[in-house]
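Before any comments, here is the structure.
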Amino acid sequence: MTYIERYTRWQRFIHAAVALLMVLLILSGLALFHPALFFLSDLFGGGTWNRILHPWLGVVLVVGFALVFVRFVPDNLWRREDSQWLRQIPDVLAKRDDKLPAIGRYNAGVKIIFWGMTVFILLLLVSGIALWDTYFASAFSIEVRRIAAVVHAVVAWLAILFLIVHVYAAIWVRGTMQGMTQGRVTAGWARKHHRKWFDELLTKETK
Amino acid sequence: MGFMPISRRDFFRLGGAGVSLSTLSALGFAPEAALAEVRAFKLERTTETRNTCPYCSVACGVILYGLGDKAKNAPSSIIHIEGDPDHPVSRGTLCPKGAGLIDFIHAPTRLLYPEYRAPGAKEWKRVSWDWALDRVARLLKEDRDKNFIAKNRDGTTVNRWVSTGFLAASASSNETGWITYKVMRSLGILAFDNQARV
Amino acid sequence: MTNSWTDIANSDLVVVMGGQAGDAHPVGFKWVLEARSRRKARLIVVDPRFNRTAAVADLHVPIRPGTDIAWLGGLINHLVSHDKIQHEYVTAYTSAPYLIKQGYGFKDGLFTGYIEGKRAYDMANWDYELDAQGHVKADPTLQHPRCVFQLMKAHYARYTPEMVERITGSPRDKLMTAWSWIAETARPDKVMTALYAVGWTQHTVGTQNIRTMAMVQLLLGNVGMAGGGVNALRGHSNIQGLTDLGLLSNLIPGYLTLPSEHEPDFATYMKSRGFKPLRPGQLSYWQNYKKFFVSFQKAMWGKAATAANDFAYDHLPKLDVVYDLLRIFNMMHKGEVNGYICQGFNPLQAAPNKAKISTALAKLKFLVVMDPLTTETASFWENHGEYNAVDPAKIKTEVFRLPTNCFAEEEGALVNSGRWLQWHWKGAEPPGEAKTDIAIMAALHLRLRELYKKEGGAFPDPIVDLNWPYIHPESPSPEELAKEINGSALEDVVDPKNPNKKLLTKGRQLNLFLELRDDGKTACGCWIYSGSFTEKGNMMAQREVSDPSGLGVFPQWAWSWPANRRILYNRASCDPDGRPWDPKRMLIEWNGTKWAGFDVPDFPPLSKPSAGMGPFIMLPEGTARLFARGFLKDGPFPEHYEPFEAPIANLLHPKVNSNPAARVFKSDLAVFGKPSEFPYVGTTYRVTELFHFWAKHALINAILQPQQFVELSEDLAKKKGIMAGDWVKVRSNRGQLRAVAVVTKRLKPLKVDGKTIEVVGLPFHWGFTGLTKKGYPSNVLTPFVGDANAETPEFKAFLVDIEKTTAPAV
Amino acid sequence: MASLQSLDIKRRSATTLPAPDVRVGHEEEVAKLIDVGRCIGCKACQAACLEWNDLRGEVGTNTGSIQNPPDLTANTWTLMRFTEIEEDGKVEWLIRKDGCMHCADPGCLEACPAPGAIVQYANGVVDFISENCIGCGYCIKGCPFNIPRLSRTDGRAYKCSLCSDRVAVGLEPACAKACPTQAISFGSKPDMLELASLRVEGLKERGYKKAGLYDAPGVGGTHVLYVLQRADRPELYQGLPKDPKISPLVSFWKGLAKPVGLGVIGLGVLAGFFHYVTVGPDTVEEEDERAAERDMAERRGR
């Protein structure tokens, strides 16, 4: 079997870091979001540590995500075939790959996640700062802070939903995880799911 | 006759103590158990002393709450002051000055020992009471002996001393006032005044 | 106070003027609001500022500082000309009907007898016309042109509403509303009370300010009534007690007076203190003066005071002049004083013209300060930058700072404004090495006595002879001292009519001053306190809270001087026949055989109404004086004089602008400011959060009012480009201070004689010690001039200028 | 959960189960009545609060007003707010004691994510339990009156406890005891409402036609009541809200959003699960690999 390198070591590291942070943020965020999940704060050393760590984790996440963004933004620009792929989402879900258009390195799903997360993280950053009373209590009016609380909650919720899709897709589409964990995918995987990317690689190689 | 040297409301100190103490301890004040608990009532076993606010002449009744039960080995410290509800004028109320009296008692600027400042000096120097009182008595006597006027120009006996003066307080007790009067007048002091003047 | 704090609740109308009862005495002020709750009483506040008291008032009347006599004189005119006086009361209980000597008169601002150059009056003619028996001539119809009533009417006829408005700046509508409300209380069943404080005393016409209100209250029949009276709200917890105990230059405890040098012997001294009744059948209680005096001498010098030596009369110093605070600091300033002891008093902050006080202290050889706290006075030689710019090296004064206990660490009695002697108990030991004032005074005495015994010296007798009967001579107990003040029998006294009846038993405490004797068989430190610590025990420690009257008398709570009487002149609450003017306010009444009721009668209990004794038993005429015969130095009727620094000339008599009998030292005359240079009126006052110069040492209070500020109107702020929170500089001709501006709607410019007059408010609590931010005493600005009678400095009206400045360097 | 006598807990923050409630409704609800018409702004309440609760802030500066400190802080639980107004040439000095209103429907408690950090006792007192407070500041956003403040030093939120420690042993709050002019009274809520109506009447008799009670129905009533001279315009008193209620934003955030949000997330996970078990994994088959090899060989071969 032939393998193709999909992610470098650095790319895997930064993605993993962001993913880890995201998990921690979701856990600590959910602890504060719903009393039924407050027990999660014990993972962080209790409610107060949970409250202290969450915003700082967020800051680190923003930095990490910025690196991810810079690296991956060229591959995530929208292409014509992405729209076609999106229209055929039932075919995707039903594994009718043969009916789908050939797509590049990333499909529309990933791109939506990518751009979604970019927007969400920006919103979470801004609303999070407005909520960060320890340092910024006097910088925002109560009303602004209330709006920020709602924005932060709703956006975080959307982000979680996106990530569920993202993670599920990775699990569902076999061979994907390997790309992020070992950096390589099989040629068959590439050809099946990202035909255009596969072709581009071949073209590059044979030039 | 309602003489009441210390406190009327023995309720907190004795009678009620058994009951309330057991109530409190039954709840457990171990921090880990404190799921939702009001702050412990801090006057539970303090000693109450009746006093009068020393500021203005409304003379509100105050109760001093002293740490400890006045046992020999536990010198009391006042931890809280609150209005005396029995007092007919103040009825337990206080103004912001009275309500802040605790910080007067424990002011960081309270004087703790006699001090002396020599002519031209830039500093206070701690001295002993004996030294200070001996020195003041000596200075008083020197000035009195030198400037005492036994007779005026007409030859009338006047027995006065006006080169030293005394300014009495406005918040000291009658008993302090009386002994001050005795001591100062016996010296023949006329330059004697108190805050009532201003 | 003639009445008590709790009695205020019995009023129908409360007039707060010359003080700010709510701001400075919030707890006592509760009884004003109680009067509102109970009887829908109204509250009038007459004050330059819309203060905290005004915040809950029914009417606030602004007034220019220092014009209270004009305001009240106008009120007298209003009452008299509208016939709003309580006729029966005025005729029977005041001096209104009495005839005054021909020689009395008033013209162009001066009463007769003015001695130019001496700043004093010959008061000989300010007196009653007497008949052959030495009794006052009277005209009960009040029609005689020389009767007090007619003279008073004529005197105040000049105080028309127009004139009062021009002088005081009080808008006419508010003035008339206030006067008409006050006039309503001329009815026997309507009572008004007047609450004042140092807003009246701290003027060069201070005593007369109070007198004018007393006259108003007499005309309205409100003196002696529950809910009435003229009530001084004393500023400090025991100013009343220390004054009762005579801790003033010219006093002996119980308002006896020290001899002057014109009274070389006891007989001469007593000659002017005979107090012979001026009308038939009057008590003239001061006739007992000798008993009080002799018993006092026995308390002072015990066995050394004998009939043979006129009870040690020569042990007392004889006055040439009164050595009040201002005089002593003036002498100090001239280098005539060597030693000074301050016991819990902070004159560097409290006395006028700080610059002068500071210079004066530096001329002392030694200064002793006894205080629980650091004080500015003890530290007057320390350099605190702009707040106390002195050079320690140049100050040669030896200073002693002796730590004393505070209230919580002692027991003893304090006398409240209502004359209640209340005992308090000790809660803890003083911190560190602090000692009680009693122990310090005892230590000084014992040392001096020892020195004089050993070395001799100038007239040691009064020191060596001083009665010192205490169990522990170095620390007399408060109870011993309290018993000594109350007095005891020194020998058995038998009833002359019945040899088997012992009137007094040797060594026993006296029950009351009625038992005092002039033969040396009793000793008593302060006669008015006699009854406070009897054989029954410490009456000042009584804590019975019942009030059978429902009028707030509380007869068994603590003990009230004199004789546990709660409302002075309460005989005047009844008509001449002994029936209460207002049955709902019954304090005492004649029950057919004696005077009885809820309060101790201020009257001989068995004196029948028909005997005609007047209710003002201390006075030889038995009635209250609308005309102060030969008593006050600046006139028998109060007259409006401008403050020594005033923005306008006296509209009534421009040639006699200020009080012609007020005492001014020459050097101080030179530093009065002119309105051209200092166009605004400065006035000083307290804020509620701080007490004088002590509460700034209490953290809680420092938090509540952390930094010095001055108040000014929005108009003045606009004119001077000052915004709230800006730093401003306030200057007078004596000094300047820097503070934060509080710009407020509560100060408004006043229209005074067509001119606009601005008042600058100067709360006075800050200094260079304590926990608040450093500040200046407002006394850097105030003038060194005193009231004609009480020598109280004029802190309440002087001239300043104000301008924007920068923050002080930190 | 039991607490001191008479302080059974009625509500507890961030708790999904109801509190034991058999006693609730049978214990007397307390209230503090603040009659602004009798207030002289002496700050005795402020001093008594600092004293009793052992709070001491910093000695600040004067900012051009006698209101000090200028705002509530973590150690200033009550504050006299001074407002000067002038209408028709008449000056009025409106002085309001600000502090926690102890709402029947407390926004702070609703917003609080920390279990048991905010409780409401059966007597109506809303108390912050500092041990449980995590310092998130959500209570501040939840409060319609802008009362809680975070401590700069320990990071926790603080506010007036209505002296729950005093009330628990049958005493009145320190501020109510100290108030020299009876502007503050304390008692059962019905008693306070009755007293309030007398006070309102008194004010009306004295010419304050717009006098009235402030009991904030929008938050279910409060356990701190005001009698205002100008009940028609509470905002005159330094922004006392005219019709306070918990912000709809907070209600959404802490109401609907919580179950719906969590539910949808759960549904998302379930959707994935069932998709997986029904459709099965999207695997790359041998055939795909071969096709890829073929393509590669083809391209290389060309």
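Labels for the chains are A, B, C and D, by order of writing; each one numbers its residues from 1.
The rule is simple: contacts are C-beta pairs under 8 Å (C-beta built on N, C-alpha and C of every residue); 3 or more make two chains touch, one makes a residue touch a chain.
Note that the coordinates shown come from a computational prediction; the quantities given were computed from them, not determined experimentally.
For the interfaces C-D and B-C, the C-beta contact count is higher for B-C.
With centres computed from Cα atoms alone, the innermost chain of the structure is B.
Separating the centre of chain A from that of chain C, both taken as means of CA atoms, is a distance of 83 Å.
Here the CA centre of chain C is 50 Å from the CA centre of chain D.
Once the centre of each chain is set as its mean CA position, chain A and chain B turn out to be 71 Å apart. Distance from the chain B centre to the chain C centre is 24 Å, each centre being the mean of its Cα atoms.
Touching two or more other chains at once are residues 26-27, 30, 688-689, 699-701, 704, 771 of chain C. Chain contacts: chain B has residues 81, 90, 93-100, 102-103 touching two or more partner chains. By the definition of touch given earlier, these chain pairs are in contact: A-D, B-C, B-D, C-D. Note for the complex: chain D touches chain B at residues 1-5, 7, 9, 12, 42-44, 46-48, 50-52, 116, 119, 127, 129, 131-132, 161, 164-169, 174, 177-180, 182.
Looking at the complex, you find that chain B touches chain D at residues 20, 23-24, 27, 31, 34-42, 80-83, 90, 92-100, 102-103.
Those residues of chain C whose C-beta lies close enough to touch chain D in the complex are 22-23, 26-27, 29-30, 33-34, 36-37, 40, 50, 52-56, 58, 60, 687-689, 699-709, 723-726, 740-746, 748, 771-773. Against chain A, in their complex, chain D makes its touches with residues 14-16, 111, 113-115, 117, 132-138, 140-141, 146, 150, 155, 247, 249-250, 252-253, 257-258, 261-262, 264-265, 268-269, 272, 275-276, 279-286, 288-293, 295-296, 299-300, 302. Residues of chain D that touch chain C in their complex: 37-44, 46-47, 50-51, 56-66, 68-69, 84-86, 91-93, 95, 180-182, 202, 205-206.
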